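Across the two complexes that follow, chain A remains constant while its partner is chain B and subsequently chain C.
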Partner chain A sequence: MARCPFGTQRTRRFIPWASIAIPGAGWLLFGLYPSLATIGYSFTRYSGLPGTPLNFCGMCNYHAAFTSLSDQLWSAVRVTLIYVVGVTVLQNAIGLGLALLLNRSGRSYTFYRALIFMPQIFSVTVVGAVFALMLDPYSGPAEKVVHGLFGTDSAFLGSSSLALPLVMLVNVWMFSGYSMLIYIAGLRNIPASVYEAAAMDGAGRFRTFRHVTWPLLASATTVNVFLTAMGTLGEYALILVLTGGNFGTKTLGLYMFQSAFGADSQLGYGSMLAMLQFVLTVVIGGGLLYTLRRREVAL
Partner chain B sequence: MRPRITVTLTAATVCLAGALTGCSSSSSDNSGGGSTTTLNIAEWTNPGAIQFTQWLSAKFEKAHPGVKIKLQQAPTANGAWGTLWNSLLQSKSVDLLALQAPTQAGFAPGYTSLKAQGAAALIEAGQLVDLKDQPFMKNYDPTMQAAMAGRNGHIYGVMAAEYSAAGAMWYKKDLLAKYHLDVPTTFQQFLDECETLKKAGVTPIFVSGKDGMQGGVWQGVMNQMLMQGKAPADSVKVGSDRADAFWKGTQSWTDPVYREASARYEKVMKYIEPNAAGVAQLTAPGVWASKSDDYPFLLDGSWDGAVIQQANPKLNMGFFTMPGTDDAAANRLTLKPDLTWVVPTSAKNKTLAMQWLTMFSEPENYKEWLKQTGSVSTQPALQNTGLSWMDWQNAHMTDAFPQLSSPWVPAGAPLDAGGPDFYKLTPIGKDSVDTILNRSASAYRKSVAG
Partner chain C sequence: MTTLGTAKAARAAKASKYQAPSTPPGAVRRLLSMRTTKAVGTNLVCFAIAAGLFALPLVYVLLQAFKTYTGFLQNPTGTPHPWTTESFSAAWHQGNFGREMINSLVYAVVPGTITLILGVFLAFPISRGYFRFSNGLYTFFIFSGFLPGGLIPLFIEARTLHLYNSMIGYLILTSLSGAGFFFFVGYIKGIPREIDEAAALDGCGYIRFIFTIIIPQMKPALATFGIFGFVAAWNNLILPLVMLSDSALWPVTRGLYSFFGEYSQNWPLIAAGTFIVAAPIMLLFVLLQRYLVEGVAGGAAFGTQGVSPGAGAGGAEVGGGS
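Showing the complex of A and B:
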């Protein structure tokens, strides 16, 4: 009998348990512990700096957020909601459009799909820095294009009316390829026979899309809408690099980051904001899943 | 059997987690192998300062065989530097660290219930080594060092750099000469010069409005107005009295001095470049330097001298503090406390860190530091360098004063609470002075009420 490469029968019994223990330890350390610590820190005035005291203060941060600092909180929540809705709708619309356009065989289509997906693999910081340079009104190319086309100029990311839409567009540019791939997977799951039946019934392109493709893409839509909304709810890095949260672009995620790690350096207050963001995420995520699942069943 | 398995599994998981925790918190800072010791230095990215630190570190390594210096840096933009130094302290893997001077304003009085932040929090928690009795401290002014990095009779850092920030203004000497203009000495003269330049088809001022550099105008005017007729040494008291009065509600952002500073700010802002709101601080000095026929003035701190010179080595540039009042004597240079070297108590190589600071503080090396960074000297025995753009600054050092500290605001407070929000104030934003100041006053009261 050949010798087993995984040790004796006695030691082999531990392999399944070790397989659970190793990821379990990772989860304890990198999942559960930071989560519990965040909850704990939210009741303190901890600076987050090593060796500094925790300064337990009970509900002080929650109290301040809903009383003395409520304007700042509601402003961040409002911007977050606009950002989430805007990006989710636009990214899914563009992702779906691209999927319909590029869901064909052939090397050129593979190339285009890869090209459109590519921004997804770049670092958010790099993308943000590149777009910040491109949108600089004096040294960036965007000003020349806008001036050439419309004979006008703009402060772009320094404009209170344009900054948020521009940040949303950069976000959509970066992640539309991801939505496209999910929609393509959904499109490929639709049986050809359904389209043949629709064609025999005399349905045109629009009617086929409306009554066949769109309903049968329900599960892909659920996944896409849920992932996009959850991803954008916590977004802060891209906004930080593009505008620093100025000109009406401070989301709850960015407010949290700046409170915890910015000049304020108050991890306690930032942790409290992270808890509020968690609640917002649960409410929006839960609501979305419930609605989209019901829609899937209804279809 | 089942309970045994469960217990074994739990124990294994916890042990592994513990082992991983141990791995994550341990630091490998000084074992490059064999007899090599690594001195870990961290500093934020400022081209001149980094260049000097690399130069001095090479010299230090030569003088200390077996010592290797590892310099880590990150830009201050987007919180990168804050994240780096916090991580280095958490992992106990830094021996010498550059921090912003905490100053006495970092320690808000007990009645505010505010907790210290940044370097001040580290000092209060006993995380920094007392440098007071180190021999190299004799090269610096002990009173100034105590005011900038001291607490309860101890000095926890050596402030090596000071810059001009409030009202700081770079100018193109040749361009002013072309229009027969001098460095202005009063606020009205400055406005008149801007008007002359504007009529000649030149945009007078270039500023990064995207990163709030326009606030320097307001800060400069406000500092000069509040310090009018006062000795430079009074600035600490003026700042702390003001912070105290704000907290107690006897002063407010709607007071006449702030209305006047805002009105003057608006007058200056008429002369900035269009779309200044979209210009980032990262690109502003380079764009300004490269356009030698336009924008005679640049609103930017004196720390950017090396960046401007690198962008256009041929530029004949000068520097002055914008006159904020019509009394020339009141228009003084304000200095912003800046880079301060600290040694964490967790440092593995404290002795080497002290030796590095000793070498840094030697007059010949410190003089090179001043030359590379454009900083104002914090060593009384050393005059500022002969950098060509420092002529105005050198002539105005005698009555220069440290920039006034800001009123205390709680963490998470809106930008408005700490003063006018220049992103919303015209012309960068759309709100009027009245709206902005009323909002600031209200935001301040509301944020401290909690």
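Showing the complex of A and C:
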């Protein structure tokens, strides 16, 4: 333990504590406490109306979720898993492709990279409005294209078969610039001498990628896959704006949000769903880290 | 002697650089032109992707904003026939974006600034190891980020503490979250602790030391987190949705969300509103594009440290100075 050099003999013991008092208290009050209280509220039937009691009910919410309301729960879990896996795979594939294509010097490439990065700095409301217009079933350009190509109409975000893939694509559109940048940072860490050696050995383009670039990008892939999966797992604002959770797009996060802050305002049930979301995050996150790290070592 | 030598070499290199393209033999010239054609081709492909896939939706929506409603109904996907900016002024008035813009600015700037300053005050003693359990405290802070999301209890808490549906309450709630603090701990370790002792010997007080010595030293880190914090706060939809019911307190994102539901199908109006909301962030992006893009690359490097084996060693260093 280092000694604080500031203050007088008497005050120097208290200065570090005074320094962390306000931010530390804020963190306890608005960071740690709400997180832990989620566990407590998940055992209640608290409705959130002022003056109503907590209504502690033990495992009632968990019991209901896995029995009478299990259809809704499993549907939400299924949508969440499809969403996370689909977005993670697609966004990483596209991010890697873009990185390989755009990792070049020159002003024009800087500009292109900035353009591709740009969508994610906008609010989900802005992105939601943009794609609601693009995919509008009456007057949007996507409708025109589909009608011209197949001669059929589609409800797009209002269709139960297309809504989920489309929301996933919007998510990928928004964030693939981020994956691209991480892959570019990884590509720039690969020394040029490795490529020279590969060229000397007569390796073609595909073999160079397969045996040089891809293994050396392993740590960038780890970061990318982990961050995309965790980010997508917690994302529900974009879905809320695009479909409101209708047409088979209700993920566990959105289910939680709508149970708690929708018309029913079942804060206890919502807390229980937040707990299940937490369990899912730990399982997926832990599993991903474990496999990705082992893969890194194996490569 | 050596300087003369290098100067000569540099001049020779410069000369050869100028001469080489002027007199290439035929084969080399052909190869060069082949290369340039290929480079131009790649460049065009990249342009098509960046412009056609990533910028086009935004440009398309911007075009709609210059139409009248009847002009849009007559030709929804074409270019505006009479170009007009009336949708913008209509959206500005009907959506109350003026007031919401000020709200957003307050919600983004005030907590952003306070969070940065409090973050430094929290990070400094922990980074310097002034506590018996600085290392453990730091690890605990980091792991607390993996606990279940606390949105619902935060809402209940805000109502109990009368922070719900109030501007001051919202500011208190968002100012005291301590974001960016983890990064600061590592950054402060890079500032030599000899400065602390020298300043203390000269009778510099703690608060003055933080503000005049540490904060100026941390400018790059503070700038990065300031920008990202501003953008994140400006774009936040969920927290205003939960915490602010009175429309006079709404930030622009929350306003646009309702505007969008209210005027559905009047696309020129919605498009104009969307661009009013996006404009400040777009301006910020154009001005600070470099920091934003580099910040992500830097954050990625930071992320790599977080999950790679180096992380354990990095965490242990925190209390290492004790």
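Basically, the second predicted complex is superposed on the first by the 269 of 299 C-alpha atoms of A that agree within 3 Å, B and C clash if a C-alpha of one lies under 4 Å from a C-alpha of the other, contacts with A are read in each partner's own complex, and residues count from 1 in each chain.
The working rule: contacts are C-beta pairs under 8 Å (C-beta built on N, C-alpha and C of every residue); 3 or more make two chains touch, one makes a residue touch a chain.
Predicted, not measured: the structure shown is a model, and the values here were computed from it.
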Q) Quick one: chain B and chain C on chain A, clash or fit? A) clash
Q: Could you say whether A:126 touches chain B, chain C, both of them, or neither, answering first, second, both or neither?
A: second
Q) Is A:198 contacted by the first partner chain B, the second partner chain C, both or neither? A) neither
Q: Report for A:271: first if it touches chain B alone, second if chain C alone, otherwise both or neither.
A: second
Q: Considering only touches as defined above, state whether A:155 meets chain B (first), chain C (second), both or neither.
A: first
Q | Touched partner set for A:85, first chain B, second chain C, both or neither | A | neither
Q: Classify the contacts of A:173 with the two partner chains as first (chain B alone), second (chain C alone), both, or neither.
A: second
Q. Does the superposition put A:48 against chain B (first), chain C (second), both, or neither?
A. both
(Q) Going by the contact rule set out at the top, does A:139 touch chain B (first), chain C (second), both, or neither? (A) both
Q: Report for A:67: first if it touches chain B alone, second if chain C alone, otherwise both or neither.
A: first
Q) Which partner, once the models are overlaid, touches more of chain A's residues, chain C or chain B? A) C
**Q.** Clash with chain B (superposed arrangement) - responsible stretch of chain C out of 99-107, 225-233 or 243-251
**A.** 243-251
Q: Return the residues of chain A at which the contacts from chain B and from chain C coincide.
A: 20, 22, 24-26, 29, 33, 48, 50, 125, 132-133, 136, 138-139, 240-241, 257, 261
(Q) Which residues of chain A touch chain B once you look at their complex with the stated criterion? (A) 17-18, 20-22, 24-26, 28-29, 33, 45, 47-53, 55, 61, 63-65, 67-69, 71-72, 125, 132-133, 135-139, 143, 153-160, 240-241, 243-244, 246-247, 255, 257-259, 261-266, 268-269, 273
Q) How about chain C: which of its residues touch chain A in the complex? A) 42-43, 45-47, 49-51, 53-55, 57-58, 60-61, 64, 72-73, 76-77, 118-119, 121-122, 124-126, 128-132, 134, 141, 144, 146-157, 159, 173, 175-178, 181, 193, 196-197, 200-201, 204-206, 209-210, 231, 234-238, 241-242, 253-254, 256-257, 260, 265, 267, 270-271, 273-274, 277-278, 281, 284-285, 289, 292-293, 296-297, 300-301, 303-304, 307-308, 319, 321-322
Q: Using the touch definition up top, name the residues of chain A that touch chain C in the complex.
A: 1-7, 15-16, 19-20, 22-27, 29-41, 46, 48, 50, 98, 101-102, 104, 106, 108-109, 111-119, 121-126, 128-134, 136, 138-141, 144, 173, 177-178, 181-182, 184-185, 219-220, 222-223, 226-227, 234, 236-237, 240-241, 256-257, 260-261, 267, 270-271, 274-275, 277-278, 281-282, 285, 289, 293
Q. Where on chain B is chain A touching in the complex?
A. 5, 8-9, 12-17, 19-21, 24, 78-79, 82-83, 86, 89-90, 92, 115-118, 121-122, 124-127, 209-212, 273-280, 282-283, 286-287, 345-346, 410-414, 423-424, 428-430, 443, 446-450
